[in-house]
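Following this line, the structures themselves.
Each of the next two complexes has chain A plus one other chain: chain B in the first, chain C in the second.
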Partner chain A sequence: MIHNRLNVLRAERNVSRKDLADAVGVNFQTVGYIERGDYSPSLELALKIAAYFELPVEMVFSLKPFEALTAQLIKAKGGING
Partner chain B sequence: MTGNPLTQPLRVTMNDPQFDWARPRLMRRRLVLIFAGLLVATPLLTWALDSVFVLLGMLVPFVIVMGSLNASVRGMTELRSSDLDEREIAYRGGAYARLYWPGVFLGVAAGMGFMNPGAIGAYLLTAALALSVFNLAMALPTLWLAWSLPDEPGA
Partner chain C sequence: MGRGSRRALVVLVYGAYAAIAVMVSSGVFDAQVLPSIQAVTAGIAAWVGVWMLSRMSRHWRWGQAPDETLDEREIAVRLRAYHLAYTIFNAAVFLSLIVLSFLVDLGKLSSFSYSQVSALLWGVFLVGWTLPSTILAWIDRGLADD
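Now for the complex of A and B:
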């Protein structure tokens, strides 16, 4: 299974599934299936999605689950009281 | 995008919001069960009423239910590859690969039924059975997708 951050990225940039789907040339359902982990995109589609968000592909897709944003923030601040 | 299914391109019809009622998984599964009911009812009714008009009349609900099933999976088994995206092509390919041999077996069985009228006692009964088997063979990938696909995400 390929994990992804599509949900977070879309919410952050206020992009609908349909907007993203139209930009990368798939149906909006396909974007939803990818987000839910029901479908693993081809390399071509993964690269197109990463390019749309102007991010390296490994920041959008990963073989391992992404760390939660709160955990990353805590780590970046150097601990819970940091 | 709602329009007349008889005049608009098939790709548009298959994605038409007027068929959204058929797209939830529960409704797709109900359509599959209705289709299965028609497969059983066709030979039974034809045999019980012994009329070719029953056999021909049963084609009407078959066409309606099959059309609804096709729309419920957005024409994944009907449309050209150029009208589908990579996920739909992958799902369709998976269904065809999985159901290749069952489809061949059912197709041959239906062909044998059509070529040997009267093989199972009565001509009409054989024809009705062969028609049901043929319809099942033709619909198998669509039935598989309609039954197994998860609910669609929203836009």
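Now for the complex of A and C:
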């Protein structure tokens, strides 16, 4: 299974499923299936999606589950009291 | 259209086809209608049925659409449906041939009427035509089904 951050990225940039789907040339339902983890995109589609968000592909898709953003923030600040 | 409604539609359509096949094979139309007229009418009715279904759910168009109009996931799901349809159709034809060979052995083949053979042939045609789309409508878990 391929994990992804599409949900977060779309929400952060206020991009609808349809906008993203139109930009990368797929049906908007396919974006939903990818977000849900029910469909693993081809390398070509993964690269197109990453290019749309102007991010490296490994920041959008991963073979391991992504760490929660709050956990990452805490780590970046050097702990809860950091 | 949700998966539950689609599955109900599939049952309804195949139920209607089965009912029509039983009516035709029972010979109720034999006395009044020429065989060629029956065949053409059955073909038109089948086409109208499929056309109506294609208006109700995109899955019926998806099954027949050219690859260029689909994305990679849709093509992958359709390939799975084609594979299932091929397996089911192949098994059905194989079983039918086994039954037919037993009927030949028992000397029962000549007892079939034109209407019964016609219903069987149109049934094979209809199932062969609609099975991939039917399986797509049956298996696809749309986002609305969550």
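One rule holds for everything that comes next: the second predicted complex is superposed on the first by the 82 of 82 C-alpha atoms of A that agree within 3 Å, B and C clash if a C-alpha of one lies under 4 Å from a C-alpha of the other, contacts with A are read in each partner's own complex, and residues count from 1 in each chain.
The definition used in the following text is that a residue touches a chain if its C-beta (ideal position, glycine included) is under 8 Å from a C-beta of that chain, and two chains touch if they have at least 3 such contacts.
Keep in mind that this is a model prediction, so the values were computed, not measured.
**Student:** Looking at A:N7 after the superposition, I want to know if it touches chain B, chain C, both of them or none. Which is it: first, second, both, neither?
**Tutor:** neither
**Student:** Regarding the shared-chain residue A:S16, is it in contact with chain B (first), chain C (second), both, or neither?
**Tutor:** Once the two structures are laid over each other on A, A:S16 reaches chain B alone.
**Student:** Kindly classify A:G25 by the partners it touches after superposition: chain B alone (first), chain C alone (second), both, or neither?
**Tutor:** Both: A:G25 reaches chain B and chain C.
**Student:** First (chain B), second (chain C), both or neither: which does A:Q72 touch?
**Tutor:** Neither partner.
**Student:** For A:Y39, decide between first (touching chain B), second (touching chain C), both and neither.
**Tutor:** Touch status of A:Y39: both partners.
**Student:** Which touches a greater number of chain A residues, chain B or chain C?
**Tutor:** The partner making contact with more of chain A's residues is B.
**Student:** Common interface residues of chain A with chain B and chain C?
**Tutor:** 25-27, 29-30, 32-33, 36, 38-39, 41-42, 45
**Student:** State the interface residues of chain C toward chain A in the complex, per the touch definition above.
**Tutor:** Residues 70-74, 76, 141-143, 146 of chain C touch chain A in their complex.
**Student:** Mind pulling up the chain A residues that touch chain B in the complex?
**Tutor:** Counting only chain A, the residues touching chain B are 16-18, 25-33, 35-36, 38-39, 41-42, 44-45.
**Student:** Name, in rising order, each residue of chain B that touches chain A in their complex.
**Tutor:** Residue list for chain B touching chain A: 15, 74, 85-88, 90, 150, 152-155.
**Student:** Under the stated contact criterion, what part of chain A meets chain C in this complex?
**Tutor:** 25-27, 29-30, 32-33, 36, 38-39, 41-42, 45
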